[in-house]
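Two complexes are shown next, each including subunit A; its partner changes from subunit B in the first to subunit C in the second.
What follows is the complex of A and B.
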């Protein structure tokens, strides 16, 4: 269970519960393919009823995944400002049906992605992307960056405690010269420490056999239940698309 | 500024998905050895540093807070190509681990925050940094203002691009997707003009800290950088590279502009229609049937853009030659 907690975005590491639920034990490739196909199709739906059906499927996935709903709701709230802004704007210009359609469509796309993020160990997710032939330079950078984020966020929380110990309670507003300077210098310190660590980390990686690529050590194969999830989501997406295009009425 | 899936019109998302892989591939090619084995962990560490620096919230006022975007800062520290790669990684982590952004919107999000923001910040900084070098003792203050201006511009231009994408989505989908320009443009630009001030103050503070504590870590102000001779030197000069960066940002906006303009009549045509007059036969007709459809408008626009860029470059070159001759004893 990953225990890192990220403070600044007001978010916690999403894959904390991945090891506890059945969804977390599925192969990352199957989840990636199934959810990506569903999200892409949901994003192009314009029929009001079909959009509501895709939202119902997304909500079913949320409940079926057994991930804590409050947890996903908290993560969903990060996307709410943009969704609300768009929905209210469309409502004002196009009426209530279009406003609801916009909210339902964006939510039907956001929720499955949150389930994917929360229900998959981060390194399994990146390894799954590599196995799906995403370029090695991207997946290796993702894995390394994620590793260093954990290190540096711990460093940031230590700095935060040190600031509080000296009586700093945060900047009041942008005109608070001292407060803004402290925030900026803290960010600068994080960067300087990251530069200092870069060479040590590289030497450490070389000792562990690092070449050009972070190769996943764990073997993984797509079992029947993994295939069924991907197939199920792809089938639902296919049906929604065919009805949207008028192939099936 | 993270656009979720389902908000943008599919054709607009497709433009993002066409543009971004092309830019990313070009950047990988240009970065060459700097993205190879030994430097890979460095890029990752820097990306992680920017990600963690983004966690520091700053108060905007009225109970709201903002946080660093970091595109300009990344570019000023490591150069534009590494910044594009690093910011893309930061965006992918935000998308895959936190559900910020989306799949169909990834191309547009990456164009706005991983390409336009760093390139604009770096371009403005490179164009203006000469001002601080010539100011002697006051150079530090001017340097801070230059960094702040670059950071503010990076956030504002990225927000403008996002607002433009929302408006084009609304126009091409007859209101099914996106947000009307009358709402999207003032709302996005208004709030990001203020967020940009926070970005400017924090970025200027971070750069001031880096200059005093670890000057060697800032690539863009490396005093040991060699000047290449001839054409390579001219292309690798700060001004030329800054102009190229700003032109790339402009070029990225072109397909969406032509997508938008191909949807309706321009101001003159609308006025003529309202007045009940019709356009006469042109003296010379365009070989590309300008404005007839999206692709002819795009093609004609790119040709026009290249022609203007070429003429401007020649004029600048001539002015520079004249100035250099005038300076000679």
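What follows is the complex of A and C.
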């Protein structure tokens, strides 16, 4: 999951817009199951046309979710370096067609995951995983990690503002020894400070009687529309897979 | 049995900083006590120690009659509600209502809805139940944090600099809230004015305890205040100045309420006389040499004493 700091000022939550759209109101479990099935199948498709079809489905999901496209695009752009890296290396070894295929396949996997992450209240997402019987240690760890990354990015932006306020322009290149030194030093500071704050937050959790288990309580039931979404995505995935395997030609 | 008893407590950080030394104090049921002291006096350390986050320490801390140690810390923490200085460190859930319910649910308490409703009512948040916590203002976040603690119904409330970082309006609201609240509380602060409004008793802390008494006794102990690096509340300063100008002060007020009360009393007693007296001093100016020099002499007197 991409958890970089999206947004210009203050703390921007990953699921900032989840509450405003229909997709955000669906049951987390249904979304998790549907999207994961789709993503896994998309990842193993090898037929170029099928890959393009799955990309089209992913794009449809993006638009249908009604999440702000600019927001998803910004999240996607954070993943671009990785996607490019994969595609370019495939291109170098397998030619341009394989390269484009790789890019399409990766995007078909990444986009639904972004929709899931942005379109689900982060806590619901972890609670959903827990309800799908993912061990408590893992969901709790995920929740804390998410919180920690948020905190890191917060400290980071604070530090960079503080640096700029003191007239620091950034290291122009790796030979700018003073600049590099400042950057390295502040990076260390950010780590130390977020470590301290993580400590505080852990104490905050303990004050609230938090043990290891996060108790999911939103009594959300899988309703018809939740089931339909999961079923729809699974059906598309199933079709793609059967065609891929040559059952239907 | 008192909710909190501390006997000869000392604490030293890993790096050798002595944060607390030989501290003894206790809080009775329903009592509100302020721990005042400058930055670095050990106030936060003390609160964290009571909440069972810092161990080991020398001496003894008793919560609800039970000794605090490593093995009892997690259990005793249920009786202690610590309000952090930064509310962001103790808000975890997406909406206000859910965050307030978070603690009671973790503890497996009964009647969660009732608790949440009461917690939100006593912190004045009832209309904001569905709001997103991360979009609230700083002052509102503090209130959410307080509501979340109240919902757990702790025997003692520990508040770390509750008024810091608040704008004047939110500060006044929070002070009003804490003043009305019928709870045992320990407030760590350097905001003497706020403390004076809320608590009956105060402890001056600077690593060790310098003094214990009412807020009035505290502001009257000028040397000690100076030694502890504490500033008088502005209202007390104003009355000190008035006193040097001949105002017949019977008690140094430490909060606005007290000041108003005293002024009303003095005006009642002295009638027009007091009014005229202050009037001549304020507007007397240079024309009236006699009165002017008298006022100047009066002004010098207390300074010479010091």
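We adopt the following convention: the second predicted complex is superposed on the first by the 194 of 249 C-alpha atoms of A that agree within 3 Å, B and C clash if a C-alpha of one lies under 4 Å from a C-alpha of the other, contacts with A are read in each partner's own complex, and residues count from 1 in each chain.
To be clear about the criterion, a residue touches a chain if its C-beta (ideal position, glycine included) is under 8 Å from a C-beta of that chain, and two chains touch if they have at least 3 such contacts.
A quick note: this is a predicted structure, and the numbers were derived from the prediction, not measured.
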Return first, second, both or neither, reflecting whether A:197 touches subunit B, subunit C, both chains, or no partner chain. both
Quick one: classify A:138 as touching subunit B (first), subunit C (second), both or neither. first
Considering only touches as defined above, state whether A:162 meets subunit B (first), subunit C (second), both or neither. neither
Go through the superposed model and pick first if A:49 touches only subunit B, second if only subunit C, both, or neither. neither
Between subunit B and subunit C, more residues of subunit A are touched by B
Taking the superposition as given, does A:121 touch the first partner, subunit B, the second, subunit C, both, or neither? second
According to the stated criteria, A:19 is in contact with first (subunit B), second (subunit C), both, or neither; which is it? second
Based on the superposed arrangement, let me know which partner A:180 touches: subunit B (first), subunit C (second), both, or neither? first
With both complexes superposed on chain A, which partner does A:207 reach: first (subunit B), second (subunit C), both or neither? second
Tell me the contact category for A:223 with respect to subunit B and subunit C: first, second, both or neither. neither
In subunit A, both subunit B and subunit C touch residues 11, 13, 15, 122, 147, 197, 201, 205, 211
Enumerate the contact residues on subunit A facing subunit B in the complex. 6-9, 11, 13-15, 36, 39-40, 42-44, 46, 75-76, 78-79, 82-83, 85-86, 89-90, 92-94, 98, 101-102, 105-106, 108-110, 113-114, 116-117, 122, 125-126, 137-138, 140-142, 144-149, 151-153, 155-156, 170-174, 176, 179-181, 183-192, 194-195, 197-198, 201-202, 205, 211-212
Which subunit A residues qualify as touching subunit C in the complex? 11, 13, 15, 19, 121-123, 147, 197, 200-201, 203-211, 215, 217-218
Subunit B residues touching subunit A - in the complex, by the definition given at the top: 2-7, 10, 13, 28, 35-38, 40-61, 67-68, 77, 85, 88-90, 92-93, 95-100, 102-104, 166, 173, 175-180, 183-184, 187, 197-198, 201-210, 213-214, 217
Note: in the complex, subunit C contacts subunit A through residues 48, 51, 53, 74, 77-78, 80-82, 84, 86, 89-90, 92-94, 98, 101-103, 105-107, 132, 134, 148-149, 152
